[in-house]
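Here the structure comes first, spelled out in structure tokens, and everything after it is commentary.
As written, the chains take the letters A, B, C, D, E and F, and residue 1 is the first residue of each chain.
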Amino acid sequence: MSKVVCFGEIMGRFNPDGFLRIVQGSSFHLSFAGGEANVAVALSNFGQRSSFVTKLPDNDLGVAAMRELRRYGVDVSDIVMGGDRLGLYFVEKGASQRASKVIYDRKHSAVTESVPDDFDWDRIFKDAAWFHFTGITPALSDGLAEIVKDALKAAKAKGLTVSCDINYRAKLWPEQKAGRVMRDLMPYVDVCISNEEDAEKVFGIRASQSDVSKGQISENGYRSVARRLAECFGFNTVAITLRGSLSASDNEWAGILYAGENFFVSPKYTVHLVDRVGGGDSFGGALIYGMINGFPAQKAIDFAVAASCLKQTIEYDFNQVTTDEVWKLVNGDASGRVNR
Amino acid sequence: MSKVVCFGEIMGRFNPDGFLRIVQGSSFHLSFAGGEANVAVALSNFGQRSSFVTKLPDNDLGVAAMRELRRYGVDVSDIVMGGDRLGLYFVEKGASQRASKVIYDRKHSAVTESVPDDFDWDRIFKDAAWFHFTGITPALSDGLAEIVKDALKAAKAKGLTVSCDINYRAKLWPEQKAGRVMRDLMPYVDVCISNEEDAEKVFGIRASQSDVSKGQISENGYRSVARRLAECFGFNTVAITLRGSLSASDNEWAGILYAGENFFVSPKYTVHLVDRVGGGDSFGGALIYGMINGFPAQKAIDFAVAASCLKQTIEYDFNQVTTDEVWKLVNGDASGRVNR
Amino acid sequence: MSKVVCFGEIMGRFNPDGFLRIVQGSSFHLSFAGGEANVAVALSNFGQRSSFVTKLPDNDLGVAAMRELRRYGVDVSDIVMGGDRLGLYFVEKGASQRASKVIYDRKHSAVTESVPDDFDWDRIFKDAAWFHFTGITPALSDGLAEIVKDALKAAKAKGLTVSCDINYRAKLWPEQKAGRVMRDLMPYVDVCISNEEDAEKVFGIRASQSDVSKGQISENGYRSVARRLAECFGFNTVAITLRGSLSASDNEWAGILYAGENFFVSPKYTVHLVDRVGGGDSFGGALIYGMINGFPAQKAIDFAVAASCLKQTIEYDFNQVTTDEVWKLVNGDASGRVNR
Amino acid sequence: MSKVVCFGEIMGRFNPDGFLRIVQGSSFHLSFAGGEANVAVALSNFGQRSSFVTKLPDNDLGVAAMRELRRYGVDVSDIVMGGDRLGLYFVEKGASQRASKVIYDRKHSAVTESVPDDFDWDRIFKDAAWFHFTGITPALSDGLAEIVKDALKAAKAKGLTVSCDINYRAKLWPEQKAGRVMRDLMPYVDVCISNEEDAEKVFGIRASQSDVSKGQISENGYRSVARRLAECFGFNTVAITLRGSLSASDNEWAGILYAGENFFVSPKYTVHLVDRVGGGDSFGGALIYGMINGFPAQKAIDFAVAASCLKQTIEYDFNQVTTDEVWKLVNGDASGRVNR
Amino acid sequence: MSKVVCFGEIMGRFNPDGFLRIVQGSSFHLSFAGGEANVAVALSNFGQRSSFVTKLPDNDLGVAAMRELRRYGVDVSDIVMGGDRLGLYFVEKGASQRASKVIYDRKHSAVTESVPDDFDWDRIFKDAAWFHFTGITPALSDGLAEIVKDALKAAKAKGLTVSCDINYRAKLWPEQKAGRVMRDLMPYVDVCISNEEDAEKVFGIRASQSDVSKGQISENGYRSVARRLAECFGFNTVAITLRGSLSASDNEWAGILYAGENFFVSPKYTVHLVDRVGGGDSFGGALIYGMINGFPAQKAIDFAVAASCLKQTIEYDFNQVTTDEVWKLVNGDASGRVNR
Amino acid sequence: MSKVVCFGEIMGRFNPDGFLRIVQGSSFHLSFAGGEANVAVALSNFGQRSSFVTKLPDNDLGVAAMRELRRYGVDVSDIVMGGDRLGLYFVEKGASQRASKVIYDRKHSAVTESVPDDFDWDRIFKDAAWFHFTGITPALSDGLAEIVKDALKAAKAKGLTVSCDINYRAKLWPEQKAGRVMRDLMPYVDVCISNEEDAEKVFGIRASQSDVSKGQISENGYRSVARRLAECFGFNTVAITLRGSLSASDNEWAGILYAGENFFVSPKYTVHLVDRVGGGDSFGGALIYGMINGFPAQKAIDFAVAASCLKQTIEYDFNQVTTDEVWKLVNGDASGRVNR
């Protein structure tokens, strides 16, 4: 089986207990997370061979991050050990009108300060069919943006399919810089994944009839976004996730896929959230899984939306659901009945 | 006060923390649970003398199970110590579209491998007015099915009222075998308790207008089920619980009682679930409590449904509510206002 | 900056884990709480200088309570150390139809048995602009009721604004006694805070069109309550919080302000509760913050209701939100979207 | 089997996690404990029928205390429900040079304020062969001292053997008062249990060659104490536990028995402490077990010292060891080898 | 690098918190453990390629066990999924005179009921240089004893070095049967590992001058045991671990190696135990690591004893130390000084 | 009361549970710690007014650190908010032969990147009598070394007493650089605190008769070290702590004081460690407390060594003992007897 190579940062994620705020916490749970790492784990859990490439500090925290990936069957043999520190982030879980909150402590992390010679893309892409990255990685440092470009060139040279989740993070870079850097990388991308805000923030492509701070989403408004993204950058596939933030406790969740000049719209789920962080990444992982396995477009978007709906009922970034569970939801059983 | 004798298995129940999946868990909470044990505890908490009969391994796990029953005032003097192991089960709590999940590890448990000579029913039924079992017990082994039959014969010989919760478990036996064995035991039963699926799975008696995987329940469809159960097996009372699985987080909950050829329908509650496992058992315990205390039929079904509604807001299998709390809900106060 | 002086009891608050009942608990979280202490912390967190006055036992529990206040920047220099014990209370979190439950173990606490000489109000009110107390404090003992009266006289003599949250607690005193004692204190009060039940229980002033046990609230019915309170006691401002108890999991929350013979009504929020205990106190703290900072009346009530809405998504009594977070909600963003 | 009746207080015991100080704690473990309750549990765990008599508040904390006793098989049918509060105490675990620390919060507890009519000693002593109390109970209130005296009279009238553990607590009463009250009760006592300090503090009977604050104990010095106690009060048996406090982490532990004018000295154990609180009570329980089962004196003291040595390796007040484990230690296997 | 193949059972291991007894526990930590799995993990942590072969149930518990091995880099590709259940065991940590306690619940586990066709030894031994098993595996079932023999034949046919840790478990089989079965397997073994009891229990070869229940060990007495084992079965190397059980808290630990008719004796460490379970396995893993890397005999035994000394300061079965940490101890730094 | 000003870094300190290694941890306890912050807290707990000066990031982690200091009564009004991140460190607790381990993640912390203008020393030293820093602070960055020098100049100009704990950290800077920078700062220092290694590592002043890796300390060897330090740099007082690392579980602990050309030697304690990190800082805090309160030299060193002995029985960096507890140990009661 050919593998999917994911490149980016994996961080330590600290959560205070339950609904405590960070400022109240005395006991924190450590898990590991990162946009591309989440995709690699999702793929591996679905049975798709995947590899995660990064640089980790050669201390117990770096080793623990590497081991956690290995636990899920992700190939870690191309991870480079070195550099100063593991990036960290702190997440507090919101509820009702109180939003979830994220504090990043990821500056100066090993991968952020990595250099082109750390990664031998020809070797890394041996046996690979697909390369995935997100807009977070080039946001971390100018050096990383260059390394991503190196990887993209190597990937295209080897004929890999390339997917990118735009994943704009205002805390990492301003919209203008994001637009400039990302525009430079998009020509190498085949499959573009975006959420209801990214396209506007990064590329200035705005949906009509939508105000995300009001918790309303209209899938119609995003059809034109998808089409324009495809037209601008030549993507063969554009997928957009649509999150309706009814509150920090309940969200609507749906997605649309634009492929071959057709639109495919998923059902819309109302999710009582356990942990929404990583929801978009689980969508990306499931979409890649569907595409690499040749699902028809409707089935691919339905699978990806159902998988990422279920992820949001699961603690921490990694998706822990099986394909059986996803298919059960795709097939309409959202009743949550116990099987015994 | 005459006692209610309950016979079956009590297991160790392991839960991972909060909403973690079993596969994510490193810390598990141990409680104790079992269909008939839950009924015995519910009765004892309501002030009704009850006894639980089983076989437990003579090790710390068996002792802990026995102590937990004793803690709630259940008479444990007829529990037999011996055999190999305590049955275990693992429960993960679902949320939203993700169903709760149960893994049984109860094969070869002490009670499953018990023999007729382990139980002296004449002695056990001294001072008893009622005998309760569920369809889980005969499902555990052919030997247990025989022992249940011995118990039923002794109970009827002593003039006890007999109740049975059909409690079909697909993981324990196929529908066909369940039907054959249970049909053989039903003639001894006076009070039959069923949920919205059992009667169909075990006896092929199907409700009209209902598709449980869609989360819809119609109490009308179950009236005919209750009547047909009573007609087939000569039950003097049939109680059916109706669960509408809106999601793994929110359920509808109601019940109907068929007695003296009349139907009594409870109010329907929408429950934001804390732990739904044991809900049916708490219904059974509350119903027996009502019947043994001579409640009129409407009051009995209202009490049983309200008690089991409240149970589903309580962690672990045992119901921990007082009769005062149940009456408050029966009387219409579902506001959850704090009393202080 | 002039300070707000709050006088009352701070207790140890024990919570069992998650949704466990007190009777199930083996591990309890200790936090600290009390009607007036909660106000002092809320004010200090908003940047308003505040002081808390009480008597605490000179043991580790008293020291821990004092330290916890100091942690939030509350001035503890007028706390008297002495007496026998720290008042305690136990809280279990309700869910759905099961109400939250409070067990008080606060009799004979140090402050309850304090004497007038423990407090030198002239010194305490140095640098103070505002004095706040609640109806809980005079309910604790006759001695405390006297001490409150001493404080009120001193406060008025110094020209402080005085606020009182009526906060009727049936477990502490009967309605009749509450009425008698509180009527004696009201002439010193400028700003009266009440919830939807207090005015009726203590002063016999009843809202029309309201039955709190049904979970319904009508802000119209409370307009007359506010006006009558102001007329009876000469308050210049009356604020009433309105809680609609849909269930123990979900509440409606709103407030009205009567000032200068005008009514100001806040938006109504539906809150998915994390911990509602302390909600009223966080309203009081935010209202005082608004008034001391000269907010116009509409802005004051909007701020207070939004702040206390957010508090109910936070564990334990103390409000842990920032003014930024409150303004975000006041300005209409209730979407709970993550900022990252 | 005749039962042993124990009378006194059972408290809630709060421990912070691990070696944290009380003042550091945010999570506290709740167990239940009390001098006489510990004896009742120890006896029941050894298979000796026992009953615990007290008064408990009719709230969740009182119910939880009662349930915990019932869990261990102690007869709770003579516990009176009523009164205000459950006595509490807080324990922090010392280490090395830092002593363990106890904060009592037991004033005004239900049993402390109980009255003679709460207890019908003739009914309580039905089926009883032995009555046990400690010096803590009369220390709690003058009323309780009277009630103990009533119980003693009734016990002697029924021919019960009476044991008393002197258990002096300086935090509860001064030495002089303890001496006066206890002298009044001693004539009813057959078996006197003391530690290396009690006899001196309460009755002024001092061991030679001993300075407990230096961590040294000399069993020789206590022979005369035992003899003088027996002579003064006519005890037929005197047992003295000897604790050498090497540090808060390691103690020496031994005991002597004086019976029939002969001395019986146990081996001395060096214990690496897990929890020393309740050590003396577990000695008392094991001694009563030995005496009621007719052990020869040497065997009785050896069993009692070994049992209480093992208790100090167990968390919380209740002894959780089996007679098999005690005999193994009595027979010389202190190697701690795993049996597998 | 050639790999070491380990065959046996991996179980779920449940520990109550801290020093609680199993019968007291409500929260249990789940780790994974097994004689041969512990060796595989130890080897992989030291950088030696290793593989673990077993059969695991295809449920979340089996998957979690497999993932935990994978986390440490152990090759899990030859694990067979199927069968009924994951073997479990419960461990409580002893202290001072109270021994640690193990309850096995491993009957009917998937590997215990595996059949010869489950394992294709020719494929499994591809790339392998060494095969390791313990006496626990043939003790689990007659079928497993046969499978082990199959494996041994295949291993010798391929020229692998074979090591066996005798690991006698009285709870699994009687001495006589162990002797008969193990004698049949020993001819295939090159490297025999034993503790101070195994050789006597299984083969009747007894050390002079030793009484393990007294906590004394004499390395002299074991020299003849090692020599006789080698002579009887033709082992080229015999290693014996020597544990002096001073108490459940403190043990002496040493080892001797007999190779080439010479004896090599390690230093003796006194270990303040954190968790001694898995100590012998960590010795085995470190010894194999030394031998496969061609360490001279003295260095090999020193490394193995130091590694397993350190393991006993680490929670749960798996050894988590690095070769650097082992060498530091081998080189004499046992001071436990912090490096910062 | 004049205050003691401490300047340096306060970090978040993450500990895995119990004796788990960092690499095993999933739940981490967050406390706050730093060489000079520990001194400020120790002083405040003893009743000595103290202030801590640093720069903290204006996020929840910075706020939590500030609040924790305030909780202990430390004056935080001169803390500057700003900069990027809170320094972090991870600590795992060693046992027996396994050393405790520290991972620093403190680079780029707010205070490390602070600039001279952040601190107005004239204002900061208002009301101050003493200034304390450690060798850690100038090690963090060249900028900080400059700022320390600014502070020292201002302190001397205002006539403050200056103390410095040399506190060499090999992970922060090489010995040569430490020597150069520290030699430049020493002329401003009055009271020098060192441990058994610092003087050698930083200034090349070596004790005779000592090999710290062997766990042996000889107070004689350090007399000359103290004298030479005083001679070299003109200190009026030199205090040296002596740690004998018997193992990671048990340490010897003592100190010597050189003042007025005389030596004062404390008793030597053997400590069964709970948490040794922060031990030296608690010594420094207690020494300053003694000196500022005019203790005679022998009393000062005895107090400081006893206080820091007790600290090592307490979890986390901050010392939580009272002066009463210290005096009890100074006066010879190391028995750890419970007071009740």
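Please note the rule applied: contacts are C-beta pairs under 8 Å (C-beta built on N, C-alpha and C of every residue); 3 or more make two chains touch, one makes a residue touch a chain.
None of the values given here were measured: they were computed from a predicted structure.
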Given chain A and chain C, the chains that contact each of them: B, F
Reference interface A-C: repeating pair among B-C, B-D or C-D with over half of contacts shared: B-C
Chain whose Cα centroid lies at the greatest distance from that of chain E: C
Chain copies touching (chain C, chain D) - same or different residues, decided at half shared: same
For chain C paired with chain F, centre-to-centre distance based on mean C-alpha positions, whole Å: 42
CA centroid of chain D to CA centroid of chain F, Å: 44
Chain A-chain D separation of Cα centroids, rounded to whole Å: 62
Residues of chain E whose C-beta touches two or more other chains: 18, 21, 23, 26, 67, 101
Touch-based graph of the chains, sorted into line, ring, star, complete or other: other
Interchain contacts (touch definition) - all pairs: A-B, A-C, A-E, A-F, B-C, B-D, B-E, C-D, C-F, D-E, D-F, E-F
Chain F - residues contacting chain E, complex: 18-21, 23-24, 94-102, 104, 169-171, 212-215, 245-250, 276-277
Chain F-touching residues of chain C, taken from the complex the two chains share: 67-68, 70-73
Touching residues on chain D, where the partner in the complex is chain C: 14, 21-23, 25-31, 59-61, 63-64, 67, 84-86, 88, 90, 101, 103, 105, 107-108
Partner chain E, residues of chain D touching it in the complex: 18, 269, 271-274, 306, 309-310, 312-316, 320-321, 325, 329, 332-340
